[in-house]
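These are the structures in question, set out in turn.
In the two complexes that follow, chain A is the common piece, with chain B as its partner first and chain C second.
Let's look at the complex of A and B:
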């Protein structure tokens, strides 16, 4: 059996049916993972005996007659999400020795469903998106082109089957963008569907735990395992079920897909042509297409960054060497604060702290922050109007395929890359990125955006579209590291 | 109008972070570029628009206020310095 062709669904089936043991599966995946990590740098920690012991306990349960939905499935977790068996480095040198005394709620649920954690994926400085904030471990690379940085290390790992599922955070859109440029499926759920307990928060309004996998059926399986109320996160929804009761028909001609003309103008010409072809294919398969204006995307992005910088500067204040983090050597209290934060924050975290503090200062608070909150209100209204006319909104995920190295140093250009993902984050709508076409042989994805609490429907419709339209194969041998 | 480097120095003093002069200069240049980038946001007509605080409508779901047993051994492992049931931290009153 070739383990690297297995989806999570097939792997769990094989383990439950005792066609393979969880230990054998994990041993093979770990070997593959270690080998590819030398080239891609997707993991900051790869498990050893602890994962094998856990796989053994899964095998014991199977042999005792239990069946588990994710039996033996190898999963990876972002390094800013807690798992008590492994370090949580938060992308900061100050946390390299930190091992949390608890696990994130979503991690607990996946393990309870039989999954085996094989490691922690590389995250940017303090958990900020990897392409914007280098971690002490350096960049994770896109396996389709190793000269390019992957926005999400986990998505890159999935593309070459270093694991079968990942849990990573998504704020401005790193998980969705990484999924798009690595050719896998990435879900940012409706806020409240997955507990954020155990996630190191930068921006309280926007950070969310998301999921990704190489197959949409795997996203569905994992989502079912992690969704639901958690008493340790007061913002999780009490209801485990989708709040949207009416299921769309399974036939495309009952489903309205909205496209925004502005999105064609905001992406590069090759991507615009591909998006146009994608829209035509959706039409020829019978989907009802509607056009919807989204005039505020540009200013939504700017409002997002004012708010996220402001919130981040506030939440990062807790890293003072007393309550959180490693204290620096210092002669007095004032010195302790200054030196601890220098030790803790890299360039991007410094920038967010300083800019956020400036934006919240007297005079600027009204001028920038309050204005951003008002624009946020307008953005929500605009998207609500759009969603009232369709079942799903289709937007690109990235402006073009993975960033070129030469573009990686310009921070404003990097912010601009989030023009389709950050505004969706502000709306609280669920968004699933799925592979849609290739550009110069690199995968490119689109976002399907659903109504609030319609996450299950979103996954279903992605499955229908997937069946209708040709996709690149993630991890295909054409990927340089594949 | 470009902001002066004093804006960076003030923010650094408020958040208490050590940043060397070369990086302060870099941040000063970046802040001015960032503020230029925000120009179109400032121009959005928001008259009569109420600012919002949350992007979603989830209402706080509170758990019962009951004490639960914790595992001090586990907590201790995560603390840099732990003694007699207490976290030992640097003095904060001088």
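Let's look at the complex of A and C:
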């Protein structure tokens, strides 16, 4: 059996049916993972015997008659999400050897469903997106184009089957963008559907725990395992109410898809051409198309970053070396703060601390932060109007698939890459990125955005679109590293 | 020149909850450092705050008892500043929308007239930890047991005009907060802390002078003294034509003066913004009314009722109702012993004296209301004499035994056994021929001495009335024999 063609669904089936053992599966995946990591740098920690022992315990359960939805499925977790069995580096030199005292709620749930954690995926500086924030571990690379930094290390790992499921954070859209450029499925759920307990939050308003997998059925399976109320994250109290939307239409001509004219203007011409073709295909397959203006994307992006920077500067204040992480040698208190924070934060985390502090200072608070809050509410309003006219909104995920590693230096241009994802984050709508077409052999994904709490519907509709529309199979031989 | 004194007080009160404000750690004092801590109150990456509903209930009760308007929606904000006793680098507080506004309490001014002191706001916040400096001065240690303990801050308008008014305000406030059982309000233990803002202005002026802030006052007396000191100091400065410098001063109890504070407590830009990790507190009209109706009868109303219902003198009623526990004690005792004035005398006299000398609170004392009722009943039933009753109270108070038990164990039962008393009386008559002769010679007062001798012989246990009767009978017998 070729383990690398397996989806998570198939792997769990095989383990549950005792066609393969979890140990054998994990052994093979680990070997493959270590091998590819030399080239892609997608993992900052790869498990050894602990994963095998865990796989053994899964096998034991199977042998004693249990069946588990994710039996033996190898999963990877972002290095800014806590799992007490493994170090959580947070993308910081000061946390290289830090073992968190607890595990994230979502990690616990996946393990409870039979999954085996095989390692921690690379994150940028302090958990900020990899393509924006250099961490001591260096960038993870996109397996389709190793000149390009992957926005999400986990998405890159999925594309080459270093693992079958990942749990990573999504704020401005790193997980969705990584999924789009690596050709996998990435879900940013409605806030409150997945507990954030255990995620090192930068911006409390926007950071969420997201999921990605190489197959949409895998996303569905993983989502079912992690969704729901967790008393340690008050945001999940919404999951106790029955707000979850019912099933949508089963066939395209019962489903209204909205496209925004602005998205064609804001992406590069090649991508715009592909997006038109995609829209045509949707139309010819019978989906009902509507057009909706989204005039606030640019302003939304700016407001997003004002709020993110402000919140991040405050959240990062806890990293003083006194309770956890490494503390610098210092002569006095001020010196301790100064040196420890330089030791802990890379360039981008420092920038967010300094800019964020500036944005919240007297005078600037009124001019920038409070204005950004107003823009935020207008953005929510605009998207709410859009959603009232459709079942799903279709937006690009990235501006261009052609972004190169060397462009990293242009900081503002990098932020501009989030023009389609960060505004969606602000709305609190669930968003799923799915592979949609190829550009120069590189995969490209589009975002499907649903009504609040329609995460399950979103996964279903992605499955319908997948069935209707041709898209590249991720991780096939055409991939640079696959 | 004559000046008007303008004082505003900021009082922090620890709420008497089971657990901390945002985690399940116990809210109680322990001597060992960092015992009552967890990943939430230590601000670990990935841990999320969740609000303690008991703290909200108590803050709501306190706000209502202070006649505040209650916000139907209030928020938690972050107050950002660096200090090692703040685990997160910010304090969670209610900066923009406090739970209570526009309250008041009435006190007596310096002429004994009723005066209303306006309370601008009552807001909830978390306490910080404590820094402990080593004796050698070479190390500072931090104890986070107190970090995250719920507080309310009660801020007056600048309505107070003298140190005496300030003290009376504090006494009244303490009384109210104790009555609603939100805090034990012990200034010496830090569960009630007071900062004062004070300025002087020429009599008749409506413009506020420049103020100083006084800190580190750990008793009501210290508040009064430091304000008096500061009034004299400011007056001297103004009289000399200089200006008062706006600064924070620390009261030094040893030297009995205010000292300017250095360093960390200079003017700050706290960069407050709403905490994105916490939901707002939403209170419905029904919830507010339910809390209002659960408020206990407050001291003044209760004193009035004591006068009317129990016929107590004003003075007694005021003393008994000054503390809710004492008033409860009194009324609980009355249920079993229906003589209000006698109970009042015992509670205000004998019991209070013993509480004062042992430093115990009435609710800590082992001598319960039913014990007092039992004691008084025993006196009425001639089981013990009034004099012995005080000894019984001592023993019962000390050992927590019921008075009846004490009387039995200590052999303090009143001797009403006629033959036993007659034996003693015979001895006394035989031993005091002079007094006997005096009595028989018509000096009936001499009987008092003889009764006293009998009491002495029985160490006070004899029933004095019975002794009297038996003595008279015996002496008359002697007379008739002669």
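We adopt the following convention: the second predicted complex is superposed on the first by the 470 of 482 C-alpha atoms of A that agree within 3 Å, B and C clash if a C-alpha of one lies under 4 Å from a C-alpha of the other, contacts with A are read in each partner's own complex, and residues count from 1 in each chain.
Simple rule for what comes next: a residue touches a chain if its C-beta (ideal position, glycine included) is under 8 Å from a C-beta of that chain, and two chains touch if they have at least 3 such contacts.
Here the structure is a predicted model, which means the values were calculated and not measured.
Student: So in the superposed three-chain picture, is A:18 touching just chain B, just chain C, both, or none of them (first/second/both/neither)?
Tutor: After superposing on A, A:18 lies clear of both chain B and chain C.
Student: Between chain B (first) and chain C (second), which, if any, makes contact with A:318: first, second, both or neither?
Tutor: It touches chain C, and chain B stays clear.
Student: Of the partners chain B and chain C, which touch A:357 in the superposed model: first, second, both, neither?
Tutor: Once the two structures are laid over each other on A, A:357 reaches both partners.
Student: Applying the touch criterion given at the start, work out whether A:231 contacts chain B, chain C, both or neither, answering first, second, both or neither.
Tutor: both
Student: Should A:295 be classified as contacting the first partner (chain B), the second (chain C), both, or neither?
Tutor: neither
Student: So, A:39: does it touch chain B (first), chain C (second), both, or neither?
Tutor: In the superposition, A:39 contacts neither chain B nor chain C.
Student: Check whether A:412 is in contact with chain B, with chain C, with both or with neither, and answer first, second, both or neither.
Tutor: After superposing on A, A:412 lies in contact with chain B but is clear of chain C.
Student: Which partner, chain B or chain C, is in contact with more residues of chain A?
Tutor: On the superposition, B touches more of the residues of chain A.
Student: With the touch criterion stated at the top, can you tell me which chain A residues are shared between the chain B interface and the chain C interface?
Tutor: On chain A, the residues that contact chain B in one structure and chain C in the other are 100-102, 205, 231-232, 234-235, 237, 313, 316-317, 322-323, 333, 337, 357, 361.
Student: Write out the stretch or stretches of chain C touching chain A in their complex.
Tutor: My answer: residues 39, 42-51, 78, 80, 82, 84, 87-90, 140, 142, 269, 271-273, 275-279.
Student: Hey, which residues of chain A end up touching chain B in the complex?
Tutor: 84, 98-102, 190-192, 205-206, 229, 231-232, 234-238, 296, 298-299, 302-303, 306, 313, 316-317, 321-323, 326-327, 330, 332-334, 336-339, 341-342, 345, 347, 350-351, 353-355, 357-358, 361, 367-368, 370-378, 380, 411-412, 415, 425-428, 452
Student: Mind listing the chain A positions that touch chain C in their complex?
Tutor: For this pair, the touching residues of chain A are 80-82, 88, 90, 100-102, 104, 196-201, 203-205, 231-235, 237, 310-311, 313-314, 316-318, 320, 322-324, 333, 337, 357, 360-362, 365, 369.
Student: List the residues on chain B that touch chain A in their complex, please.
Tutor: Against chain A, the touching part of chain B is residues 3, 7-8, 10-12, 14-19, 23, 27, 30-31, 33-34, 37-38, 40-42, 44, 46, 49-58, 60-63, 71, 74-75, 77-78, 80, 89-92, 94.
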